[in-house]
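In order of appearance the chains are A, B, C and D, and numbering begins at 1 in each one.
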Amino acid sequence: MNYQTVLEEIKEEIRPYLNKGTVANYIPALANVAEDDFAMSIIEIDGSEHHIGSYKKPFSIQSISKVFTFTLALDIYGKDLYKRVGHEPSGNPFNSLIQLEYEKGIPRNPFINAGAIVTTDSLVSKYKENTFSTLLEFIKKVSNDENIAFNKEIFKSELESGYRNFALINMMKSFNNIENHTQEVIETYFKQCSIMMNTKQLTKSMLYLANHGVIPNTNSEIITQAQAKRINAVMLTCGHYDASGDFAFHVGLPGKSGVGGGIVAVVPQKMAICVYSPRLNKHGNSLVGTKALELFTTKTRLSIF
Amino acid sequence: MNYQTVLEEIKEEIRPYLNKGTVANYIPALANVAEDDFAMSIIEIDGSEHHIGSYKKPFSIQSISKVFTFTLALDIYGKDLYKRVGHEPSGNPFNSLIQLEYEKGIPRNPFINAGAIVTTDSLVSKYKENTFSTLLEFIKKVSNDENIAFNKEIFKSELESGYRNFALINMMKSFNNIENHTQEVIETYFKQCSIMMNTKQLTKSMLYLANHGVIPNTNSEIITQAQAKRINAVMLTCGHYDASGDFAFHVGLPGKSGVGGGIVAVVPQKMAICVYSPRLNKHGNSLVGTKALELFTTKTRLSIF
Amino acid sequence: MNYQTVLEEIKEEIRPYLNKGTVANYIPALANVAEDDFAMSIIEIDGSEHHIGSYKKPFSIQSISKVFTFTLALDIYGKDLYKRVGHEPSGNPFNSLIQLEYEKGIPRNPFINAGAIVTTDSLVSKYKENTFSTLLEFIKKVSNDENIAFNKEIFKSELESGYRNFALINMMKSFNNIENHTQEVIETYFKQCSIMMNTKQLTKSMLYLANHGVIPNTNSEIITQAQAKRINAVMLTCGHYDASGDFAFHVGLPGKSGVGGGIVAVVPQKMAICVYSPRLNKHGNSLVGTKALELFTTKTRLSIF
Amino acid sequence: MNYQTVLEEIKEEIRPYLNKGTVANYIPALANVAEDDFAMSIIEIDGSEHHIGSYKKPFSIQSISKVFTFTLALDIYGKDLYKRVGHEPSGNPFNSLIQLEYEKGIPRNPFINAGAIVTTDSLVSKYKENTFSTLLEFIKKVSNDENIAFNKEIFKSELESGYRNFALINMMKSFNNIENHTQEVIETYFKQCSIMMNTKQLTKSMLYLANHGVIPNTNSEIITQAQAKRINAVMLTCGHYDASGDFAFHVGLPGKSGVGGGIVAVVPQKMAICVYSPRLNKHGNSLVGTKALELFTTKTRLSIF
């Protein structure tokens, strides 16, 4: 199948949706983007690349960073990680604090904020003050691109307005599920959210998940095959917050979205995909990104179902 | 791959687990089974069958019936069904009532009890007093087997002790999300849970979900390809209650369990599987059944991830 | 103090509020009242009576009946009653089902619906098919008036539309906190809610709570002094649902409201009061009734605080 | 009535309970007390004092400080205060976070932690860096005693381990119900909890609530009569967390407890009472203190019911 043609068709078909939805504006730094921007990249395991739109323009990856920290923590701790963070969907967002209380500070999965904060805390326990640099090195390695950094302005804004995340980390600390200083963990967490990448880099960075844990062109094993499958499973069931079921239902691929407008997706044993468009639907996921991926699996029949 | 050999290996390997877990005993009629029983069936789209254990012995299908009512309701109402029942995972069981209250009587998905009751209510609105017979005819058709009936003793016991389900239906009725008389709907619901089938029949009955909505040997289209994919997606994200994430994580296939000890699973475009063993793990799913399916995808690499 | 003058002043001062609020209309039978009606009665322990407005016109007492069933059950079971129903405020109404789930089917207090249903169930365990007639006899005795009955039309309407109460009783039954058939209990419960009384009768019926458990003019001991105080305490902390704190705050007397528009209140060791006006505020309590009682304690300085 | 004799009787009768319950030990500084200590003071509006036990020994007043901040905030803001904090009971502690989430960051009353933190925040908005000194001056004034200070060790320990309170304040800040820097507010809050007073000082400090808002011996009006009644009403309905109903039920007086082992109570228009004993019951209130107050109202018939 000619994926470049598919990308071009998708670009046409999503056009009527480009002015729908709303860019995240809880911090000014995030709102400051070209609202109708669009980019999409496909990279196959064999190395073939297909891109469309502004695929070289970096954006804030936000929660997509949770895939990287989950990978690193799973590599370090193996199944022990699940003592501190589960792998079940979380139900609606209203319940996040209730469940944290009810389940004694153990977040449901590593892709909700509480779970990602615990995951980052587990990295801080291992890498101390080098945690963020280690994470950044890892991302550069799986992206095969040295040119990746975080945005200081976004980081500072997040830190200044992240009261709800401070509430979450303090609640988990009260249940002894945070091992390090809350300030240190939360700063690392907001730094990882502020990393800037483009769709090409993000797509490349997901190939190890499409390829049983191994970076295809370098044959470098990042995690085991079993672990790669499990990360995919958690992306499918938990990757889109309260719309995870909807994403599985309409797109049918493991994926992870970020409030910056990016979505990554994995076609196991075939390819990785990334789409970017900053306006969000009511669930906080890229509206056009979700639509583009739905069109992609409809056209290519690559849904895993 | 020789699936019969795989089944034989699995039978050996699950042996140490056969005396673990507990048979459902909330009603005596369900507890009255051979506790260490085991059966497993695989039927490929091309018609090849592979069975092991007591695969001709019928058991109470319980919640597996929800797959059939979801299919029928989706066929009748299409997307309108989602106005009355969602397709998102529900989080932990504790939250089911909270969410029903918070979300104004709309259950999260058709595989939790509240959602299955709404689904059955939608069938009663269409088929009136013929609802159960219509459902049974449908099951006979997809199973290609006339010899299927419900167990009156189990039905009566369920009806007499199903206070929590009565609570759910009355709550939804108070939100106007039940259209028919509560007694009529709940009786139909408990009847469908009391249907007796063996692993061979259940496996055959799932083939349309593995085959894009079409029964392979008859070419009868049950639902559209898109609908079949969506049912699979909902089975993956919501099919095992509070252990849905865990099942996706360890097994990696769309599946649906019943408290009677059965689990069905679908390998899209390849085959359907059913396993039976009545002892349950702490999540209320067949302990050996879950283990057997995990062994199956490990051995065959048929996980969708 | 001349209480008749106080009543006349109050009648003048509440006039601007008489067309505010909304009559309960969840069943037609309740909505069918004179919307701007007003009545208020005061009876002192020494027998002095003071009335104003339509004090001889009966209305549906609704939840005020819970004071009578609580009294009867406390007399029969003493402290054992608290194993089945607590005496703590319940927080907001949203939580009623959550708390019932979290606290294993034990309602927080006898004045929320769940708690009143358990209380009625405890009476059915004792009085069987004579429960309602026993209750009615009790009410006639404490009111010193034979002319009291329930309204069949209201009863039937309640029964036909009381889905949420059916949900509550079934949930409690699933936790084994209902001993009798749900239908029998719920019918008794709705009958007691449908009892018709006027402000004169209701005021008289509350005198034993103002007089340490003893009916003043007959010296008949209904309950012990300690029990009377405790019923007053529960009325103060729990008598007005989600506005109990507000009522204590503004009125400062033990009281119990009904959705039919009545409110009873007790001035310990001095008098009982009843006010009626059918339009309700947003908490489901008589708007003018609440205002009238606030004026009463402001004018008379009879607040217990 | 001879209150000194009553105190002596109580001291005898609570003796068997002195070794029951557990001293608060979430911070070492609090656990470091004489576990079987007991003190009780009564001061009448006319100035008569009655004391027993270690009534000159200061202890950590903890949540009793919330009465003082509520008084000050009510005096400054009047009814506007209720836009930021309610006056309804909160139900069980599990619900505090649910309710904060559900009710958009508005705590239910000023006596749960979240509500007291908002109250303190409202004082910081007015008094800035002088908030704590203003509060301390107020307490010295109502106690008529200059010799009152906070315990730095307890303050530091609270600050270092108060993760749950940090969670609460951050959650409320995310709903814009905290106006000042979270660190500044929380430090003031923990300082007020660390104030040390003895039963004599605390009893004196409550007399304005027994005397319609006026300090009896100085005739200094602290708040209006209506406000004093309302603080008493909130103490009665909300003063003992999840055991507020129970306290109203058994003691029948407005009261406020602290985890340090103190309980204050008010007999309107008659007297104030304070009892101290550091071992707590399962609700976190002084076990012997609660028992002593129950004995007091039984013996003196001073329950407001």
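The rule is short, and it goes like this: contacts are C-beta pairs under 8 Å (C-beta built on N, C-alpha and C of every residue); 3 or more make two chains touch, one makes a residue touch a chain.
For clarity, every value in this text was computed on a predicted model and none was experimentally measured.
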{"item": "Neighbouring chains common to chain A and chain B, by label", "value": "none"}
{"item": "Whole-Å separation of chain centres (CA-atom averages), chain A against chain D", "value": "47"}
{"item": "Chain C and chain D, separation of their C-alpha mean positions in angstrom", "value": "32"}
{"item": "Geometric centre distance via CA averages, chain D-chain B, whole Å", "value": "55"}
{"item": "Sites on chain A at which at least two other chains make contact", "value": "94, 98, 102"}
{"item": "Chain contact topology (line, ring, star, complete or other)", "value": "ring"}
{"item": "Touching pairs - complete list by chain label", "value": "A-B, A-D, B-C, C-D"}
{"item": "Of chain B, residues touching chain C in the complex", "value": "94, 97-98, 101-102, 163-164, 166-168, 170-171, 173-174, 182"}
{"item": "Touching residues on chain D, where the partner in the complex is chain C", "value": "86-92, 94-95, 98-99, 102-103, 108-109, 228-230, 232-234, 236-238, 242-246, 248-249, 252, 254, 268, 303-305"}
